[in-house]
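Dropping the structures in below, format is C-alpha cells.
In the two complexes below, chain A is the common chain; its partner is chain B in one and chain C in the other.
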Partner chain A sequence: MSEILELKNISKSYGETKVLDNISFKINNNEFFTILGSSGSGKSTIIRMIGGFVKPTSGQIFYENNIINEQPIFKRPFNTVFQDYALFPNMNVSNNVGFGLKIKNVNILKIKEKVQEVLQIVGLENFSDRMPQELSGGQQQRVALARAIICEPKVILLDEPLGALDAELRKQMQLFLKEIQKKIKISFIFITHDQEEAIFLSDRIAVLNNHKFEQIGSPKDLYYSPKTTYMAKFFGECNLIACKVVDKKMDSIVVESEFGQLLINHSIDKSIGDSLTFGIRPEEIKILDQSSSNSIEVIIKDVEFRGSTSNLNVKSQHSEKYLKIQNISSNISQPFQQGDVINVELNTGVGTIFKDETIS
Partner chain B sequence: MAILTGLIVAALYTPIFLTIFYSFYKTRKGKVDWTSFSYEPYTKLIFEKQILESLMNSIYVGVVTVICSVVIGFYFANYYHTSKSKMKEFLQFIIFLPFLLPPIITGLSLLIFFREINLPRSLNTVVIGHTIFVLAIVFKIILNKLETLKPSLMESAYDLGASKFQAFWYVLLPNIKLSLIIAGLLAFTISLDETLITLFLIGNDTTWPIKLWAKMRVGFSKQVNASVTLILILTSFLVLLIASIISRSEKKITY
Partner chain C sequence: MWNLIPVLEQYLKMRQLVNYFRTSIWTLISFVLVISLILIPLGSFLSYSFFTVDGTDIIHEFSLFNYQEFLTGEIYIKTFIRTILLALTVMFICILLGYPVAYFLARYAGKYKYSILLMLIIPLFMSYIIKIYMMRSILGFSGLINKVLKMLGVIEKPLEFFLWNQNAVIITLVVILLPLIIIPTFTSLEKIPKNIIEASFDLGCKPFQAFRYVIFPIGLPGLIVGSIFVFILALGDFVTPQLVGGTSGFTYGKIIYSNFGMAFNWPFGAALASILLIVSVIIILFTNRLTEKSKT
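After this line comes the complex of A and B, so read on.
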C-alpha cells in the first residue's frame, strides 16, 4: 500500500488555546482511516486542515510528497462530507450532485450521465428531481456522499457524518459507508466519537486525546495491544492491576499484586522489585470450579446479567480492589450470590504490561 | 371586548377610507351628495402635470434608492456576517444611527455636508439621503437571512471547486434572493413617503408627498384625494406582496 497523504508535526492554536499538539500520521491508498476522539478534542480541525478550511500553526501537510499547506481549498484533490450535509437548498438532488462537475465546465451530457451513475452507487437513482428538503436525513447523507464521489477525489473527508442520525439508521449507514468505500476505492478519513463505529468501519484508527494522538493502529491492535492505560480503558473495559515483580523466569515473571501472586506469561525487561501495571480484559478472566496453581480467590460483589453475557464484579480477598469479569451467561453453571468466594484464572498471555505508568 | 376593539379600529382607520370615499363623491355643507359619484378626479389627475411629475420623481428616487441600498446593504451585511473584526459592531451602530435619529437631524446634517462639499441639491442628493435612511432596514433583513444559512454551505461550494464568485453566484445569491426582494420592496415603500429628509435635500424638483403637502396648503382638491387613493392601493399592494413572499418562503423552509 502506498501513502497518499501525510501530516507531519502539525500543531494548531487559536490564540492561547492549543487544539492540536504536534500530531503526525500517514494515509494509505484506499484506506478507511478513522480519527476517534471526544467532542472538542480537535478531530474536526484535522480534517478541516486537510480540506484547506483551516491553516496549521506549524507543521506540513504532504500530498503525494508535495507540501500543500498553501494550496487553496478548490485546488485540493479532496472532498468533504459535512456533518450537516450542507446540501444546496436551491438545487435538486441531481444539480447538487453535479455541482462539482459543472464548476469544472464538464459537458452537460457527461454530467447527466455521471450523476445517474453516482446516484445509482448510493441507491438514489429515483430521487434525482427531489429537493434536499424533501429527503430524510439518511438520504441527504447519501446525496452529500454522492456529491463528493462524483469529483473523483483522492481522499474523502467525512466530518462526523452519522452524528445526526438515529441509532437504527446509523447502523445502516455504517454498513453502507463500508461497502461503498470498498467499491469506489477512495481513501476515507472519517471522524467520529463512537468507538464501536470506529472499530466496525476502520482499517486503522487514530485515537485523539489531550490534543495528541494516543495511539494509531488497526482496531485489533488498539484492543489487544493498547500502548497506554488510557487506551486500555478507552476501548471496552480493562482491569488494571498494580504489581511488583517478585521473581523472573525465562519467558514469564511472577508478580505480587493486591489479588495475590500472579504468573504473567510475558518476557519483559524488568528486574525483581520493579513495579508495573498489568492490564487484562474482563473476558480473559476464567471462572474455575476448583482452585489451580495460578488461580486467585475473590469475593463476588454483584452480578450483572446482560443477556448473552454476564458481568461479575469481584473484590480481592486482601484489599478493596475490584476486578470485572465477563462471561458467556450459559457458561456460568451455578447461580452466584453476593459474598460467594470463587476461584478465577487470568489468561495473562493476552494481557498487557504497561511499564512505567501509574494507573490513571 | 369585540365591540370596543371594533370602535377603536373604526376611530383609527375611518379617515383613511373616507379619503377614498371622498375621491369619488362631492360634499356640500357637510352632507354627502350621493348623486355626485364620478371618476373625474382620476381622469383629471392625468392632466395634472405637476402631481404626475412629482410622482415620477418619487418613483425615480425610490428605484435608485432600492438599487443603492440593496447593493450596499448586502455588502455590509456580508462583511458583518463573515468578518471577525471588532469594528463590525461599530459599523452596525453607524448604519442604524440615521434610522434611529430624528429625520430632521439626518436631513440637516446631510444638507450641511452637501453644502460644504458644494454638491448642489437635486433628486440625487435625495437618493443619497434615502439610501442612508433605509440602509438600516435593508442591512438587517439581509443579515438575518445570512445568519440562517449554515457556514458549511459556502464551504462546501469551495470544497467542490467553486471560486469565490461562483460560490456567490450559484449558492449564496439564490439562497438570499427572497430577502433581497423583500428588503428592496420595503426600501421602496419607505422612500416613497419619506418627507422630512427629502425636504432638506431636494432642490428645484419635488417629490410626490412634498407636492401633496404643498397643494394642501392652498386648499383641498379632489385630485389630491385621488392620488392618495392610488398610492394607498399601490402601497397596500406592495405590503401584500412582501407578506406573501415572506409566508411563501417560510413554508419552503419547513422541512
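After this line comes the complex of A and C, so read on.
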C-alpha cells in the first residue's frame, strides 16, 4: 500500500490553548482511517487542517510528498463531508451534487450524466429535483457524500457525519459508508467519538487523547495489543494489576501482586525487583474447580446474570482490589454466591505488560 | 359506573365545543381587526376615487372622471414615471452603497458587527423631518459641502448642484433610507452558516465564485426585501421633495399631497393614491415571484 497523505509533527494552538501537540501519521491509498476522540479533543481540527480551513501552528502536511501547508482550500484534491451536511439551500439535489464540477467548468451534459451516476451510487436517483430542506437527515447525508465523491478527490474528509442521526439510521449509514468506500476506492478520513462505529468501519484507527495520538493501528491491534493502560481501558474492559517481579525464567516471569503470586508467560526485559502493570481482559480469566499451580484464590463480590453468560466481580483475599471476569457460562456461575471463595486462573499469555507503572 | 362513559362522552363533546368557540373567537377578532383597520379604510379610499368634486363639495356619485383625468393629463403620467425612475435610482444607489456595508459587517466585522449595526440603526429613531433639515444644511448654498469646497479653493461660487433639484431629493432619500437596505441584507447574509461557505471553497470555489454562486444567491431575499422597502418609501415620499426638491423636484407623492392638502380635491387625490398602491402591489408581487424563482 502506498501512502498518499502524511502529517508530520503537527501542532496547533489557539493563543495559549494547545489543541494538538506534535502529532504525525500517514494515510494509505484506499484506506478507511478513523480518528477517534472525545469531543473537544481536537479531532476536527486535524481534518480541518488537511482540508485547508485551518493552518497548523507548526509541522508539515504532505500530499504525494509535496508540502501543501500553504495551498488554498480550493486547490486541494480533498473534499469534506461536513457534520451538519452544509448543503447549499438555494440549489436542488442535482445542482448541489454537480456544483464541484460546474465550478471546474465541466461540460453541462457531462455533469448531468455524472450526477445521475453518483446519485445512483448513493441511492437517491429519484430525488434529483428535491430541495435539501425537503430531505430527511439520512438523505441529506447521502447528498453531501455524493457531492464530495463526484469530484473524485484523492481523500474524503468526514467530520462526524453520523453525529446528528438517530441510532437506527446511524447503523444503516455505517453499512452504507463502508460499502461505498470499498466501491469507489477513495481514502476516507473519518472522525467520530463512537468506539463501536470506529471499530466497525475502519481499516485503521487513531485514538486521540490529551492532544496526542495514544495509538494508531487496526481495530484488532488496538484491542489485543494496547500500548498504554489508557488504550487498554478505552476499548472494552481490562483488569490492570500492579505487580513486582520476584523471579525470572526463560520465557516467563513470576510476579508478586495484590492477588498473590502470578506466573506471566511473557519473556520480558525486566529484572527482579522491577515493578510493572499487567493488563488482562475480563474474558481471559478462567474459573477452576480446584486450585492449580498458577491459580489464585478470590472472593466473589457479586454475580451479574446476563442470560446465557454471567459476569463476576471478585475481590482479592489480601487487599481491596477487584477483578472483573466476563462471559462465564451461566451453568458454571449458577451456584456461586457472594462471599464464596473460588480459584481462578489468568490466561497470562494473552495479557499485556505495560511499561508505565501508574494505573490511570 | 355503568353510566360514566356517556357522561364522559358528553363532557368531551362540551370541551370540544368550548375549544371550537375559543379558537373561532380569536379568528373572529383577527378578522375584525384586519377588516376594520385595513380593508374598510382601503375600501372607502378606493370608493372616494370614484367620486368628483364641485367647488369644495364632494359629489357622491360613481364616475371614472378622476382616472380619465390621470390618463389624459400628461403631467400626471409624466410625473408618475419620473417618480418611479427616481425611486429606482434611489434604490439602486442604496443597493450599491448598502450591500458592501452589509456584506462587510456580516462577514468581516467580527465581534464589532452588532455595535456597528446599532450605530446604523440609531438614525432610524431620529425624526425624519430633522434628518431632512440636516441634509439641507449639508447640501445647501451655504451648507457644509459648499463651504468646505470654497475654503479649499476648489470652487468660487457655491454649487447649485446639490439643492432645490432632483439630485437633492435623491441624495437625501438615499441617506435616510440606507439603513433600511443594510439591515435586512445584513440579517440574511449573517444567517448563512459558515460551513456552507466553507463547503463552497472545499468544492473548488475561488473567493469570487463562492460569492457569486453561494453567498449572493442565499443572501438575495434580504436584499430584495430591503430594496422593496426603499423603493416603496421613496415612491410615496412627499416631504423630502417639498423640503429639498425645489420646483424641479416635483414628485408624484407631492401631487397627491397637494390634492388632499391644498386643492381639497380628495377624490382625485384618492385616485392618484390608488394608482400608486396598485403599482406598488404589482411590483411587490413581481419581485416575490422573482425570489421564488431564484430559489430553484
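Note that the second predicted complex is superposed on the first by the 349 of 360 C-alpha atoms of A that agree within 3 Å, B and C clash if a C-alpha of one lies under 4 Å from a C-alpha of the other, contacts with A are read in each partner's own complex, and residues count from 1 in each chain.
Simple rule for what comes next: a residue touches a chain if its C-beta (ideal position, glycine included) is under 8 Å from a C-beta of that chain, and two chains touch if they have at least 3 such contacts.
The model shown is predicted, which means the values in this text are computed figures rather than measured ones.
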Worksheet item: Overlaying on chain A: chain B and chain C, fit or clash?
Response: clash
Worksheet item: For A:Ile299, is the partner it touches chain B (first), chain C (second), both, or none of the two (neither)?
Response: neither
Worksheet item: Looking at the overlay, does A:Ile353 come into contact with chain B only (first), chain C only (second), both, or neither?
Response: neither
Worksheet item: Which holds for A:Ala242: it touches chain B only (first), chain C only (second), both, or neither?
Response: neither
Worksheet item: Touching A:Cys151, do we find chain B (first), chain C (second), both, or neither?
Response: both
Discussion item. I'd like to know which partner A:Asn92 touches here: chain B for first, chain C for second, both or neither.
Written reply: second
Practice prompt. Once the two structures are superposed, pull the chain A residues common to the chain B and chain C interfaces.
Written response: 51, 53, 73-74, 79-80, 82-84, 86, 88-90, 99-100, 102-104, 147, 151
Practice prompt. Name, in rising order, each residue of chain A that touches chain C in their complex.
Written response: 51-53, 72-74, 78-80, 82-84, 86-90, 92, 99-100, 102-104, 131, 147, 151
Fill in: Residue numbers on chain B that touch chain A, as the complex places them
150, 152-153, 155-163, 166, 170-171, 174-175, 252-253, 255
Fill in: List of chain A residues in touch with chain B within their complex
51, 53, 73-74, 79-80, 82-84, 86, 88-90, 99-100, 102-104, 133, 147, 151
Worksheet, complete the sentence: Residue positions on chain C within touch of chain A in the complex are 193, 195-196, 198-206, 209, 213-214, 217-218, 294-296
